[in-house]
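Chain naming follows the written order as A, B, C, D and E, and within any one chain the residues start at number 1.
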Amino acid sequence: MTSVALTGITKVYGRGPNAVLALDQVSLDVRPGEFVCLVGASGCGKSTLLNLMAGLDRPSGGSVAVEGDSTPGLMFQEPALFPWLTVEANVELPLKLAGVARAERKARVAELLGTVHLGEFGDRQPHELSGGMRQRAALARTLALDTRVLLMDEPFGALDAMTRDILHDELERIWSERQLTVVFVTHNVREAARLSDRIVLLSSRPGRVISETRVDIPRPRRIDSPEVAAVAAKVTEELRKEVGRHGQ
Amino acid sequence: GDDSSGGDSGSSGPVTLRLGYFPNITHAPALVGVEKGIFAEKLGSNVKLETTTFNAGPAAVEAIFSGALDATYIGPNPTVNAFSKSKGEAIRVISGAASGGVALVVKPDINSVDDLKGKKIATPQLGNTQDVALRYWLKEKGITTTKEGGGDVSIVPQENAQTLETFQSGAIQGAWVPEPFVSRLVNAGGKVLVDERDLWPDKKFVITNLIVSKKFLDAHPDVVQKLVDGQVAANDFVNKQPAEAQQAISAHIGKITGKPLDIKLIQQAWPTLTFTNDPIASSLKTGLDHAVAVGLTQPVDLNGLYDLKYLNKALTAAGEPEVVQP
Amino acid sequence: MANDVLTRDDSTISGLDALEIASKQKVTSRAGRLWSGTWPKVAAIGIAIFIWQVVVWTGWKPPYSLPPPAEVFSDLGTYVTQGAFWHGLATTLRRAAVGFAAAVAIGLAIGLAVARVRILRAAIGSMITALQTMPSIAWFPLAILLFQLSEQAIFFVVVLGAAPSIANGVIYGLDYIPPLLLRAGRNIGARGASLYRYVIVPAALPAIIAGLKQGWAFAWRSLMAGELLVVIATKTSIGAQLTYARELSEAPRLMSIMIVILVVGLVVDAAFGAADRAVRRRWGVLDQAGA
Amino acid sequence: MANDVLTRDDSTISGLDALEIASKQKVTSRAGRLWSGTWPKVAAIGIAIFIWQVVVWTGWKPPYSLPPPAEVFSDLGTYVTQGAFWHGLATTLRRAAVGFAAAVAIGLAIGLAVARVRILRAAIGSMITALQTMPSIAWFPLAILLFQLSEQAIFFVVVLGAAPSIANGVIYGLDYIPPLLLRAGRNIGARGASLYRYVIVPAALPAIIAGLKQGWAFAWRSLMAGELLVVIATKTSIGAQLTYARELSEAPRLMSIMIVILVVGLVVDAAFGAADRAVRRRWGVLDQAGA
Amino acid sequence: MTSVALTGITKVYGRGPNAVLALDQVSLDVRPGEFVCLVGASGCGKSTLLNLMAGLDRPSGGSVAVEGDSTPGLMFQEPALFPWLTVEANVELPLKLAGVARAERKARVAELLGTVHLGEFGDRQPHELSGGMRQRAALARTLALDTRVLLMDEPFGALDAMTRDILHDELERIWSERQLTVVFVTHNVREAARLSDRIVLLSSRPGRVISETRVDIPRPRRIDSPEVAAVAAKVTEELRKEVGRHGQ
């Protein structure tokens, strides 16, 4: 029983001598309700993989299968907010598109903005926000989606540690409440250990799955707990080996 | 260059004469004169002839006003406009060129004036010679018209080019137009109800005359004399060798428009036109009176418009009768 | 080294940079802002009229060829107090509005379709610019053939003049939508019509407004020519009056009508300008330089 | 729940999404790509001619009013084998090139200045659209006044027609440059002229190209009218031929000239299209939808 | 002797009821050659402060003084690469603008791209890069500037730990070689402790300097050394207090 199943995915960008083999024979099964973190060096193909899962791009080879008939929600690496809408309207749009009634929409938007600590900034345009605030607005918009599978590309990269810790808790809560399947890209190995059931390590150029680490630490976890640190250290070691091997 | 030939060069040294005309059968003397080199010959080696063509009067008048043109063949309407708008300063009529060639062409089922009631009749332009002629003629017949297209007969001013299309499509039932549109409308199934010549004494009224800018006239009377000599010679050619003239007209129009004018059309229109050096000043004046009568214009003082001494000199030299200086 | 320290104040930010930054800081009153937007216009017009007057004074051209400002303005005064002017203006503006509205509808539809449907683009994409270059008079025979001497013939010419321009604006706008925004839109559930409604059109809105502005210019110019198609004398129009002024060599009247056309253009531009500024404010690209 | 699993393959990505994604994957040969770009055009033209022929067959209008395709194409055949055509085309294209080049230079200069200099924008910014709406014939008297009956008079009309449109394109492009890029440019040391050269112009290039395209259409249309200003018997031109074909009610010839104008428009559009595609490829916004 | 001197800086965005007081009476002196890190919660005004130092915006009150007559180089929070230039050309542009000769330019660009591990990607357009690669390209472009003062806004936020560690070393090397003054914004407190001479903590809304911490650990430092961890822990504690106080 899989929620997202990647089988022998290959992705080539461009043609001819300039072609880049971004992903090479990547296979990955994610169970429903599983929280998987993808880690790997910069440029190894993580974003590419999420795009393929979200059906926004097509693999050069292999197949992508997703549970249910809804597409996974994807939080992009950049905020990708619509500049012509206020923060509120940005967050409201997925609800509107899903046909949620007006009154409920307003309530949900307020709740989501509260979750990401942007309650006072609902009436601002995206360009009036700081980098981290934009990222949080994008998070709120993604959380507004009613999908079973959530794909997140470095969602907390631009946030300070405190805010991030709070949002870890929020994300974990929502994940378990909604029984979401989450695929989460991060560079912060501790974050991966804090959040995930499994950490998948990708090699770079071409991107391949080189190791998977189960994280069996019981929840609730704390990011500064020794268990999390231990897992992080192990994954870091593997990552270091991989990057070193690659001469990156 | 500004006024390159206008002012100071006097009669000595080479002078440039900038002459305008329309690629139109009513401008036959100009077309033939240019095509056959008659002007060049008469002007002599000391005068450089530069010709420009226009498709309508306004640009020609603007060119005269701004000193870009020294002389042009032109219809009676723009002539009057140019004279009155410049308070008699800008131009003089130095010769006639053509007379006639205007008719009311209607759908075949219209046989009399009364049949025109309730119909739409086109004219080339509100207040122009043909427009005035139609209105005055209808008025004399006791038929009412209004400037706004109301009355017994609805008059719709529109470009001649469009008249053919609208006549064919049935949007209008007749048109008071000059050649070659008379012939074209006839070929498109129309019939001539009124030949405008029949409304005028001696069957003559001006359709084209030759004007010169006053400035040029003052500076180069000798060149103007040569130009008029050329005009008289050209008309002579047109009248004496019609076949060759028609050929020349067709070819010259072809050079300008990219397609030689159908020689048959020229032949068809030919008899309705008279190529005369007489500017028929009386018809211009009468036309203006008619325009005042139908309420389309204010009276205009035309005193001093005509300067026919060059023409009369040329006519005398050619052994032809002089015309009356009005 | 203390001397080496540069204090950044007004005097050190110069040239364009100063212009760019200035606007953000100046907190001016409403009246002050109105004035600062108006005086350069007034000055520009004043300079233009002054130069015109000087040229007239030099006697470079006779007054019947180049009338002096005073004569034109006195003619303008007469002109705008005539019923014919107001009726003509009303007729022309109505036609412009109707024709432009039709052109907008058609231009938007074609633009949206051509930009996003590959086969349509290959088929007629390049035809749009070609159609745009077709002068209005070339359409007159077809207009009469299809619509006789009715107002529809005028609209036909106006639409053929303006719609390609609008469509080109739309296509350009759609072509440059950042792919990320399209992907984001699709990912949050916007598909088909809702993708157009909520993502594509708003994202291309700046370009669409620019295209509409160009389209308006085409529409108006086509109208000025097209109004000669159907000179229903009961309905005088600015286009017909313009042509008649020229045919009758009425230089002052011609210039009066040109002034009227300019004023109409200014008013319409103000409307587009307001729309554009509203969008730019939202997008956060206002006040990079001028107002 | 296994049944619940959806495999995303070609059949499930439908509609516009399919169109969008398709292009990125199809690896076609050069000839294949040429063909896939050509057949829709050929089909579109074929359909248009077929409809025209059918209308003619219905006898809706007499043939002198609506000539059948065969007659037009036979006239076209005659036309394009005449020296008059080639001379006219050469004259017109030369004038178009010179006039457009002048309009581009002036339009770019005005656009760049007005967009970035606050006071200029306030003074003449709104004048640009107003000027754009001024029909060409209104400029004829002034053109003759200034340049007599010379080719410059034609260029004057062309430039007044096209330059405002180009300037508007430039202004629009500059207005929507992301502020971040401007700041980045200034921070890495681009100031004054080098800011224009290395940041502003390239950033606005897509909009500038779009503006040039609109400007070309204005230039060409103005030229078609303006060529009547100076008709010298030895120098025929497409504009003069078009007007006279119409005045002489030569329907087949008029349509032949329209076809020539369309072909010229298509060629020019192809040039602009190539430039635009090159820019879009660089910017990474190519192939969002059609080619 | 100061390299950058901020005196009583106030920055208000917007007007009327919607106005945001982003910075309130911030004073800060940075010595020549000093490496200062700014930390603070998301939206507290760090980017605003860097913009003001770079002269790209004007304070609502107070004054900014910068050493020498060159403007500081600023690496923006977003990559801000020019989409119409290749990566190489992006990095080359500052050199071109500074009038560096062609041959030298080529060599410098190659060197800089090597430094950020983008040697093979010089001929790519920015849109062909991954998020982290874009950030590194932006870093290379900023390092190409010949300025005495370098302002960096979360320059390593999108990078994996390995790459970041390597770039820490490179940055430190360049800083000491060129005797740069660096003002560095980060959310990673360890990174701040690893790199800086002083850590300045900002409060949020309004942004104020609430504490400064000297970091006296001798260089070379390692990010996982206990000394760095100790400083980081201290700063984190302060940050936590501040965020907690704010109810963020």
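As a convention for this text, a contact is a pair of C-beta atoms (placed from the backbone, for glycine too) under 8 Å apart; a residue touches a chain by one contact, two chains touch by 3 or more.
Just so it is clear, the model here is predicted, and its values are computed rather than measured.
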Steps needed, at fewest, to go from chain A to chain C via touching chains | 1
Identity of the chain that, by mean CA position, is farthest from chain E | B
Report the pair of chains linked by the most C-beta pairs in contact.
-> C-D
Distance between the centres, which are taken as Cα means, of chain E and chain C, whole angstrom | 45
Taking each chain's centre as its mean C-alpha position, how far apart are chain B and chain D in Å?
-> 40
Cα centroid separation, chain A vs chain E, in Å, comes to 26
List, in ascending order, every residue of chain E touching at least 2 other chains.
-> 78, 128
Mark out which residues of chain D touch at least two other chains, giving numbers and ranges.
-> 61, 65, 140-141, 145, 186, 243, 246, 283-284
Could you say which residues in chain B touch two or more other chains, in rising order?
-> 58, 62, 66-67, 159, 161, 165, 169
Chain D partner, complex, touching residues on chain C are 15-17, 19-20, 22-23, 36-41, 43-44, 61, 65-66, 114-138, 140-141, 145, 164-165, 168-169, 172, 174-179, 182, 186, 191-192, 195, 206-207, 210, 213-214, 216-218, 220-221, 224-225, 239, 242-243, 246, 251, 254, 257-258, 261-266, 268-270, 272-273, 276, 280, 283-285, 288-291
Mind pulling up the chain C residues that touch chain A in the complex?
-> 180-181, 183-190, 194, 198-199, 202-203, 205, 279, 282-284
Per the touch rule, the chain B residues reaching chain C in their complex are 56-58, 61-62, 65-67, 78, 81-82, 85-87, 89-90, 125-128, 146-150, 155-159, 161-162, 165-166, 169-172
Mind listing the chain C positions that touch chain B in their complex?
-> 61-62, 64-65, 140-141, 144-145, 148-149, 228-234, 244, 246-251
Which of the residues in chain A come into contact with chain E in the complex?
-> 13-14, 18, 20, 39-43, 45-48, 77-78, 117, 123, 128-133, 136, 153-154, 157-164, 187-189, 236, 239-240, 243-244, 248
